[in-house]
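Heads up, there are several structures right after this.
Next, two complexes with chain A in common: one pairs it with chain B, the other with chain C.
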Partner chain A sequence: MKRWSWDRFQNFSFIFPALVIFSIFYIYPFFYTFVLSFQDYDFISTPKFIGFSNFREVLTDREWWSSMYNGAFITLWALTFQNILAFMLALGVDRVIRMNKFYRVVFFMLPILSEIIIGLLMKQLLSSEPLGRDIFNRWITNLGLGFFAQDWLGSQRVRLVTALVHCWKGFGWAFVIFLAGLQNVPQQLYEAARIDGANAWQVFRKITLPLLTPVIALVLVLTILGTMQAFAMILALTGGAGGLTEVPVMRIYNHLRFRLAGLACAEGVILGLILIVVSFGMFFISKKIREKYGVLPS
Partner chain B sequence: MYVKRMLKVVLFFILVSVAGSCIKREKIPHLVIWHWMVDRQSAFQALAEKYESETGVKVDFKLFFPPDIYSQKVIAAARAGNLPDIFGILGEKRMLASFVKAGHILDLTPSMKEDSDAWGKRFYPQTLRIVSFPPNNIYQVPSGIYGVPIDTTVLQFLYNKSLFREAGLDPQSPPKSFGDLISYAQQTKSKLGIDGFVCGWAESWLLNALATEWAINLMGEEKFLKTLKGDVSYTDEDWIKVFSLFAKLKESGILAPNITTMTNKEAEDAFAKSKAVFSFNGSWAVNVYRQLNPKLEYAFFPLPQVSSSFPIKVWGGAGSSFMVNAHSPYKDKAVKFLKWLTLPEQQKFLIEATNNLPAIKGCEDSLPPLLKSLTESFAILTHPDIWPYNEDSRVIEVMNRGLQQIVMGLKTPLEVAKEIQTTKERLSQR
Partner chain C sequence: MGYYRAKKIFILVLIHTFLMSVALSCLLPFFWMVNVSFKSQEEFDKGYVAKKAFSPQQLEELLADKIVKEAKFNRKFLIWNISTEDMLMVKLAQSRVEDRDKILKIWRRTRDYGLKPPLSLNLSNYKEVIFREKFWCYFLNSVFYTFVTVCSIVIISSLAAYAFSRLHFPGRNVIFYMFLAAMMIPLPAGFVPVYVLLNKFHLVNRTGYVLAMTNVGLSLSIYLLKTFFDQLPKDLEDAARIDGCNKLRIWWNVGLPLVAPALGVVIIFNALNVWNEFVLASLMFTAEELMPLQVGLMEFSNRMVTQHTLIASALTVAALPIILLYLRLQRQFIKGLTAGAMVG
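== the complex of A and B ==
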């Protein structure tokens, strides 16, 4: 018994430093966010408990729901356009094609670049003089599509443009995960299917897609979490554009700048809860699909 | 065996740190000052060296940049009780009030008032009001002077004289009215193909400052303040007229493309490179333009009037200020240093080095002509920090966003006015 306790103490001593650091920098701030969300606090004065006032204010604030709509709009584009593009590219690179390693590197370059750099770069590319260099408009004019040239960041289209830039920057992540998933599909299944005379579509529908369901679910959840919390690139690209591209995290950031710490924390808690519910919903749906297709033992 | 060795190492480190903390450190009498003014660091250091040679007191100016990071550092230091001897506070007056109420800032009123108000009399009254709280103020702060302004800021319109000349306009006659502004800009645009007006309207405070100036000119300061108090609605006819000015700017086609996604730095760059004929910016721009394009020929001009019924007011007064840490062991030395820093000699040095407007009177002769022209507006300065009522930051946020949407052609002035009023009513019910 004594020996067991000593062993246990020894083991615990190894994880103790990590546990302390994790508790101070992760667990404590996580719970403190909840505490602050019930308070009126400007970082300097003594916090004042105000019950659910901050939550009531967030839930009845049109601007908050407008920012949620903007976030959802960009997320919808990311879920569809970005992920379909990533999936198709992963399928292409997974095949034995020439220079597939080169493509892997190229497609993964964008996600590793700084969001701020991407935002500023695209701002230069898409903005007309005097703000930018009007490069994109010049390109399309040279291609004979001059009638399409316009003020990309100064009109209502700015929301769509932001969504597309986000997709362009983010598809590399989905690409890498899809590619890893595709390379884990046993080749024997494809060979057996071909021997049985299955065509490409049947192979894709009956083998690739069902076996990739967990990966797709993971990518979808990561896309939702990542896009709903997108911030830096949008801040650098548009700065909010009259609220048209103000996403939830940008709103939280602005409230922190106004020293409305309690309100910002309440917004963070609400956003977190929504994302948790959506993520669990996605995993639940994924599980049901896998059960239906017999990928998981039901 | 391994565990015993590890325990020995841990014990050794504990002993060393305990012993280290027990050593009595000699207190070196020197002042530490935190600031965010990157353009002034070398000038501050030169002044620090001069002060040390004159008095023997070492002054250490520590720069933290960008301003957001600086702000966070000051707040964190205040929470931890680690504020330096002298520091600045960025943000609204509400923030200064919180620092005062928490006991972090020394009340400088006795120092300002001693010797028949000798120190206090040096300053332009408008600059001192920014860091003062009158009796019965809305922030519930004990009345007093809690900071030392070191410069003054004024926001005004600017025009490019060379472009005026090229467009056939008189470079000595800037626009006087809103109508002039539009017609001059249109003339420049049609003749030279250059944008009429550029401004960093992604940073919505510039929009807010301009809207405020036009609002005060159109409805008078009294009615403007009544709106803040809640006695006049934002859907009032005069407010709709104010918001309509931005719609007219949009319709006239003089605004630079993407103006609502343009930061002030980008707008400054565009104006300095003669890519627009008009701009709206602060007095700090003189230093910025000097660095970006020393040959730029430009001048400031007063707000183009939208009404002759009420006088114009100019957004300004709030430059940079320093506060003394109420818990500093060297607070007397800190006050002495700030008195020295705000002597004409040091202020003139700062003017030459950084091209900022001084906070004290008597330096006008040292000002370059461009800045000298701005001192004429010192008597008509206005700023939220000196108003008896203040608007909720969330209402201002809705107004700024609404103005951006008007400029983008997405909303009408009436729609924006209704949104602002709805937000104000919703918040006032809390």
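== the complex of A and C ==
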């Protein structure tokens, strides 16, 4: 039989449109990123090859590393606070029978909405005079927590507040994944444990947690990837706050706006490499943990 | 009631309190947004300025100087109609000394902060935002981009997924793994080369945006549809082939109806993706006629920083359709958005 026949060609034509778009908008840009990162290109003059100087500039750029620090700071909050909150909420919703649909719908509403909407809405609530109206401060004053009121988007607090708003937007998504994982745990295991006289903590520690390790690992990796690449919400909320909440992708975006395409690409390459290393590391660690607890990968 | 039952109820109450407080924190900002969107900036500010002027302690000091006249203390009036401090002062001045503490307490409880219902259902904000500020245009643009992109993704990806699952051609697996790899590798600055590319090809317009966004959703959609096709029996297609259908007709008349459930997930996932996309759109579209909703919203809020009620109504215009659609199709939304996560 011929390798290429008319029939085979017909079959191939089914994936042709997908392949064309994929080549033009994924494969070509993928390699073009590396090419551009060695060039100086401002959209007007012809690109100039300048060797590693873009990379040198990025790696020695204090502001780039401080934006990496900001990104890491927000990611750290998302990894711990957001995911622990989501996990607790999932445990709770898994347990209650009444209203669990209501909770699921409400918690998942924020991930549905765009980052811009969330960012602008929280800016309305949190920003203080003269541009804002201190709405959130006045709410908590009304609740008797007036001593807690402060300038949330001022230079003192803005990084933490950005991280918390990010968690607020993202927890629903981790919640849904955790909940799906919890509902996949076979009920017989719980029943068997109860018959054997295990208490709630033992059940959680010996059944729920090990069985959910793959799900937890997945959520952690996706949180890292998602948070390090998120920036529209931060742009809408603080606009960078003079570098205090500038995250890597925001820097790339701004450089591109200033027509520094080569520099932006070099930053993209560095960030991408870091993310790949981190996510592979996470997978490796979670595999080790799974092996240690003797849970088969699902 | 036994000890265990009491303990169980106590735990349930604790859980519900926790869940409810988080749920409230999610809902309150949106309630505020919709509520304020009906107020004029004056109505919103008046309460604000007056209330900022005096703290309750200052107010009490001020009151000490007032001549107290005898008057009936009308509780109902106080709860709903204090919009300025002046009226409160009058009321306090008119009330008996013993009643003042009570009035002040009620006043503290009923301060505004945008949570009080608007004086009237005033739609002028919406009129201004939608017609004068061109949000109708942004909205239609978003609908256009979303619709065209989702249609092209559905057609292109289902064709490809059908081929990957059912048809044979050289290099099938290699190409499929290439699509898979594209999903795994994070490209944080993927928009940079795409933007440069579109600039080179003079495609910084609607067509270019739709093409670029089509690519964004393509790999995942192909993967989802391919796995769904793999689970389906081939009998129907064989029957269609024996009846003389060509491949394209089998795909259209047999394949597509069979994967309809997966198509729903693909449609919602991609529609949300395009609707919420900001980066590429904000780089590409500087002309107002081309802007989608997210970019228009951002520009608008930068222009109208102090018009809080206008911004609130703009946000409502952008958010409410999605929220309503979500409430109607919760199941599909949750499936659609977690599908992306579950693949990895």
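Here is the rule we go by: the second predicted complex is superposed on the first by the 287 of 298 C-alpha atoms of A that agree within 3 Å, B and C clash if a C-alpha of one lies under 4 Å from a C-alpha of the other, contacts with A are read in each partner's own complex, and residues count from 1 in each chain.
Throughout what follows, a residue touches a chain if its C-beta (ideal position, glycine included) is under 8 Å from a C-beta of that chain, and two chains touch if they have at least 3 such contacts.
Note that this is a predicted model, so its numbers are computed, not measured.
Partners chain B and chain C, once the complexes are superposed on chain A, run into each other and clash. When the two structures are aligned on the shared chain, A:L89 is found in touch with chain C, with no touch to chain B.
Of the two partner chains placed around the shared chain by superposition, chain B and chain C are both touched by A:Q10. In the superposition on chain A, A:L131 contacts both chain B and chain C.
Contacts of A:P186 after superposition: neither chain B nor chain C is touched.
Of the two partner chains placed by superposition, chain B and chain C are both touched by A:F43. When the two complexes are overlaid on their common chain A, residue A:G281 makes contact with neither chain B nor chain C. Once the two structures are superposed, chain B and chain C can be ranked by residues of chain A touched, with C on top. Of the two partner chains placed around the shared chain by superposition, chain B is the only one that A:G154 touches, whereas chain C remains out of contact.
By the touch criterion defined above, A:R259 lies against chain B but remains apart from chain C after alignment on the C-alpha atoms of chain A. Contacts of A:V106 after superposition on the shared chain: chain C is touched, whereas chain B is not. Note: residues 10, 43, 123, 131, 257 of chain A belong to the chain B contact set and to the chain C contact set alike, using the contact criterion stated above. Contact residues of chain B toward chain A in the complex are 3, 6, 68, 75, 78-79, 91-92, 94-95, 98-99, 101-102, 104, 195, 198, 202-203, 256-263, 266, 269-270, 273, 275-276, 393-394, 397-398, 401-402, 404-405, 407-410, 419, 423, 426, 430.
The part of chain A that touches chain B in the complex is made up of residues 10, 13, 42-46, 53, 57, 60, 62-63, 123, 127-132, 151, 153-156, 158, 237-244, 246, 254, 257-260.
Residues of chain C that touch chain A in their complex: 12, 15-16, 18-19, 22-23, 25-27, 29-30, 32-33, 44, 48, 108-109, 111, 113-115, 155-157, 159-160, 162-164, 167-170, 175, 178-179, 182, 185-197, 199, 211-212, 214-215, 218-219, 222, 247, 251, 272, 275-276, 278-279, 283, 294, 297-298, 301, 305-306, 308, 311-312, 315, 318-319, 322-323, 326-327, 330, 333-334, 337-338, 341-342, 344.
Put simply, chain A touches chain C in their complex at residues 3-4, 8-12, 14-15, 17-19, 21-22, 24-30, 32-33, 36, 41, 43, 85, 88-89, 92-93, 95-96, 99, 102-117, 120-125, 131, 133, 135, 138-139, 142, 168, 172-173, 176-177, 180, 218-219, 221-222, 225, 228-229, 231-232, 235-236, 248-249, 252-253, 256-257, 261, 264-265, 267-269, 271-272, 275-276, 279.
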